[in-house]
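Working notes, structure below.
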Amino acid sequence: MSPRDQGLLLPDHASLVVHGRDQPGIVAVVASVLARHGANIVALDQHSDDPAGGAFFQRTVFHLANYAACHPLLEQELDAALAEDFDLEWRFTDLSVPKRVAIFASKSDHCLLDLIWRQRRGELPMTISMVVSNHPDMAEDVRGFGIPFFLVPTQDKAAAEAEHLRLLQGNVDLVVLARYMQILSSPFLEALGVPVINIHHSFLPAFIGAAPYRKAKERGVKLIGATAHYVTEDLDEGPIIEQDVVRASHRDSAAELARRGADVERQVLSRAVLWHCQDRVILHDRQTIVF
Amino acid sequence: MSPRDQGLLLPDHASLVVHGRDQPGIVAVVASVLARHGANIVALDQHSDDPAGGAFFQRTVFHLANYAACHPLLEQELDAALAEDFDLEWRFTDLSVPKRVAIFASKSDHCLLDLIWRQRRGELPMTISMVVSNHPDMAEDVRGFGIPFFLVPTQDKAAAEAEHLRLLQGNVDLVVLARYMQILSSPFLEALGVPVINIHHSFLPAFIGAAPYRKAKERGVKLIGATAHYVTEDLDEGPIIEQDVVRASHRDSAAELARRGADVERQVLSRAVLWHCQDRVILHDRQTIVF
Amino acid sequence: MSPRDQGLLLPDHASLVVHGRDQPGIVAVVASVLARHGANIVALDQHSDDPAGGAFFQRTVFHLANYAACHPLLEQELDAALAEDFDLEWRFTDLSVPKRVAIFASKSDHCLLDLIWRQRRGELPMTISMVVSNHPDMAEDVRGFGIPFFLVPTQDKAAAEAEHLRLLQGNVDLVVLARYMQILSSPFLEALGVPVINIHHSFLPAFIGAAPYRKAKERGVKLIGATAHYVTEDLDEGPIIEQDVVRASHRDSAAELARRGADVERQVLSRAVLWHCQDRVILHDRQTIVF
Amino acid sequence: MSPRDQGLLLPDHASLVVHGRDQPGIVAVVASVLARHGANIVALDQHSDDPAGGAFFQRTVFHLANYAACHPLLEQELDAALAEDFDLEWRFTDLSVPKRVAIFASKSDHCLLDLIWRQRRGELPMTISMVVSNHPDMAEDVRGFGIPFFLVPTQDKAAAEAEHLRLLQGNVDLVVLARYMQILSSPFLEALGVPVINIHHSFLPAFIGAAPYRKAKERGVKLIGATAHYVTEDLDEGPIIEQDVVRASHRDSAAELARRGADVERQVLSRAVLWHCQDRVILHDRQTIVF
């Protein structure tokens, strides 16, 4: 069974992500600590953006019998080995445990339903804890899958965000905005304390503001794209996780461009969510390293 | 032999492009005139962006024995048939005659050499009349192919454009900017009187100004693109002919991104030049119809 | 509203497909008959594989007020105009009427559910008359959408095909095999009398027989593909409608290759079904012309 | 400067590829030996096809001041550390040294010229030691680049292979068949002792034998592909390094399909050659691991 065997949870497997200033010896220290505990490394990716003091990134997936029990000691030893000599951040992720995800949606259902079906089919290592929407339209569909649906109107933004926090805090590891057409405030993002992934359409060249597909049509673009990114306080400017495009032509109406865009949006979003849930994405400044 | 048998000139074949306000009956009139002259339609594309008075576009490729001799009468009849009842523009293009093309380049050779090799291999229905550059670097390579090379320094922009006009006027049907890093003035474009195609890098999102690949690297883009477009007075804002992208990752340095960009640039540019030389591109407002 | 405005039915729009030996004048005759009836051509594609007596293909989409009422007379005139002078086949398709489709499935649900969701979202101009399966697994899901589900076991192949005919004849315009793992007999296909579209995985190079993804894994393929085709008596050898691929690598287990294959299968199948329902596919010998 | 900064040779950088049966501790041993010598790991990829005794693959790129001088001792220590406890194969590659490559070609020039231009532009970390052909057609072009051209007729196959060995042995690290239309014998491949990379067209489904593009045209394929692979005694059955496809349609003649195929062939071949020269490809049974 491969660690990329996506969607299947991996018993007694965990990932270790290490991130910081590059220095000789990091890989050796990490590998030694893991080997000492009898962990077998099954995948290892490492990247350095400049060996002379640049940033260093490493993701290791290992198998360790009885990981849950061994984990505290392993963490303690790694802390001792790394923290003193190196100035690094690291995190362990138990790959046998699904991420708990909340999906936010508005009226468009294509991204929401795609995530639900993929999760149900075992293609995403996550559970869907709830769907939150500012429209009642999809309540029945969502509840038909046995997933809680919460309607939170957004006319009063402060009240809505308070309600969101009440629903989410402690309950989820990730929030996915599946074409949720509301801006999240910086204080909300800070209070939330878990990552938020968003999907938005992308064009060459970019079309900003309302009615992007109409503008793209008028400009005769030949490609329609989508970008999945982490949400930061700068709307649509967060670190990019994944992007893709599909071809378009003069034959496509603005409505057809939007439909093609929907197709590529849901593919890009599902890949970004998968990779995040597999702990394969490392944030660094305004970019991501995706192993 | 198919009309898409690209790069081979087609004896006794011509294309007719018709463009204007959509009205019932246009296709019938065009087809009847062609049929009366014994022309056999071998390809026909038609597009209407709104049947209720929108814009109408048609490209017909036909075979007509002895086209060169029959052409004046054919044109006269079509003029009579169309001009009176319909408010349309049209043009014939003799597909047995190669386009005469000037290529402008600066220091990057990837697009220039790609066009030269493709032309030499018979993949483009054109002759390369000359290469014009503001740098002497590629003189020897270009002349090695038997193509005239003209060095026109651009320190004095007015003098340079005057020299460009002297070289080009009457001699070429198309100018291709193959990574030519100089802006062409509006008066120059007007005096030139033939289309100009440019290639430039494109990103999702867009990075404006200098060092785009460095900016793209900092932002962690996952796609690198290129756009070929007709040059208008708005730099890089002309009607798009073709676009494409390649994938990128955190492993790619800014230099590697630029090399991948070069690969996609030359592919996109060669497709745009091919389609233009086959008379398959129709300009309409700020967009193109590519049949 | 464009004729490519896929999924939306087009009131008072129809397509005319003409197919036969190429001769001068066909386009003119067709266009004249349509113009005489006041039809406005909104899209026209034409292809000739050899102007000197090769095969000719034309698809015309036109708007004609009150098409349903005018249609018989239009057909009669076209018959008179074409049948006597030209040896051609043609067909009209009313683009305001959805195709009636039966979907056959076995245990895999990815293609079936993708078609159901797209149809529900208005992306496919069709109704789903029924789902037929040799396994009961998906009965509940399918019926949850209000679609009849029929379980037809296939241990007794003759009995199964008799039951299939009883269900389908007169009720459907198209059968889609959405990963239906049973071979249809030639007599059945003949008796059925409507087209059947199938989807199957495809590889470079091809892997025939059982466990194709395992074989592809062993051989280290870098691309995973899918092919949608019309079903003929030669299994998996029918005329190809659409194909596509996704990248793969050594990191992907055979199970992951199968999941990626599932993704591309459903995309390819949905495009093939869409184009068929829009009457954009013309069969010719062992190939298709897709306008 | 990144180790993926392709085409630029990397002073004092080397790669270490390790390959064998997976066992816990390999990564730690390798990393420790490198760290002890002051080597800084700048890239590390590791793959295990089954942690429970499957195959293990690792590629490490490291910077080590004065690598050429330190190398023998490093190798000796690694040998001691790995050979006794683990049953592994490994190899070092000095990334500051270009590979010496011979290109074999016949009459088609697209792959040959693409490699020459890319090498000249610094996109490939290799030198082209010679071009060998069974046709004189390209002698002048090749020699114009300052590259030796050897004409070796192949009527007498044994004599030709003897001449090939005389030219190649000791002089090259890699042979690239750039559309060389002759089969190499098993004894020749064995005597040669360096890898051979070939490019061939690929289709979905596969068309075997002569005139593949005509067959693909008759079958109406929608994709045209190419596969680069190592040459083994089974013609066209060697381990795949890279594959790609381009779209095709009914509009494309067999000649146009061949031209599109040529475009994808040269892209796929140049990527395979690049990755091989960067020592990123590991052979394993009938497949490759490409890091």
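Per-chain numbering from 1; labels A, B, C and D assigned in written order.
Methods note: contacts are C-beta pairs under 8 Å (C-beta built on N, C-alpha and C of every residue); 3 or more make two chains touch, one makes a residue touch a chain.
Predicted model, so just to flag it, every value in this text is computed and none were measured.
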item: Most distant chain from subunit B, judged by the mean position of its C-alpha atoms; value: A
item: Which of C-D and A-C has more C-beta pairs touching across its chains; value: C-D
item: Distance from the mean Cα position of subunit C to that of subunit A, given in whole angstrom; value: 36
item: Between subunit C and subunit D, centroid-to-centroid distance (C-alpha), Å; value: 41
item: Subunit D: positions in contact with at least two other chains; value: 1-2, 43, 47, 49, 251
item: Residue ranges of subunit D in contact with subunit C within the complex; value: 47, 49, 57, 202-206, 217-223, 225, 227, 236, 239-245, 249-251, 285-290
item: In the complex, subunit C residues that touch subunit B; value: 1-2, 22-28, 30-32, 34-35, 38-51, 58, 63
item: Subunit B - residues contacting subunit D, complex; value: 1-2, 4-8, 43, 109-110, 113, 117, 121, 123, 144, 251-253, 255-256, 259, 263, 267
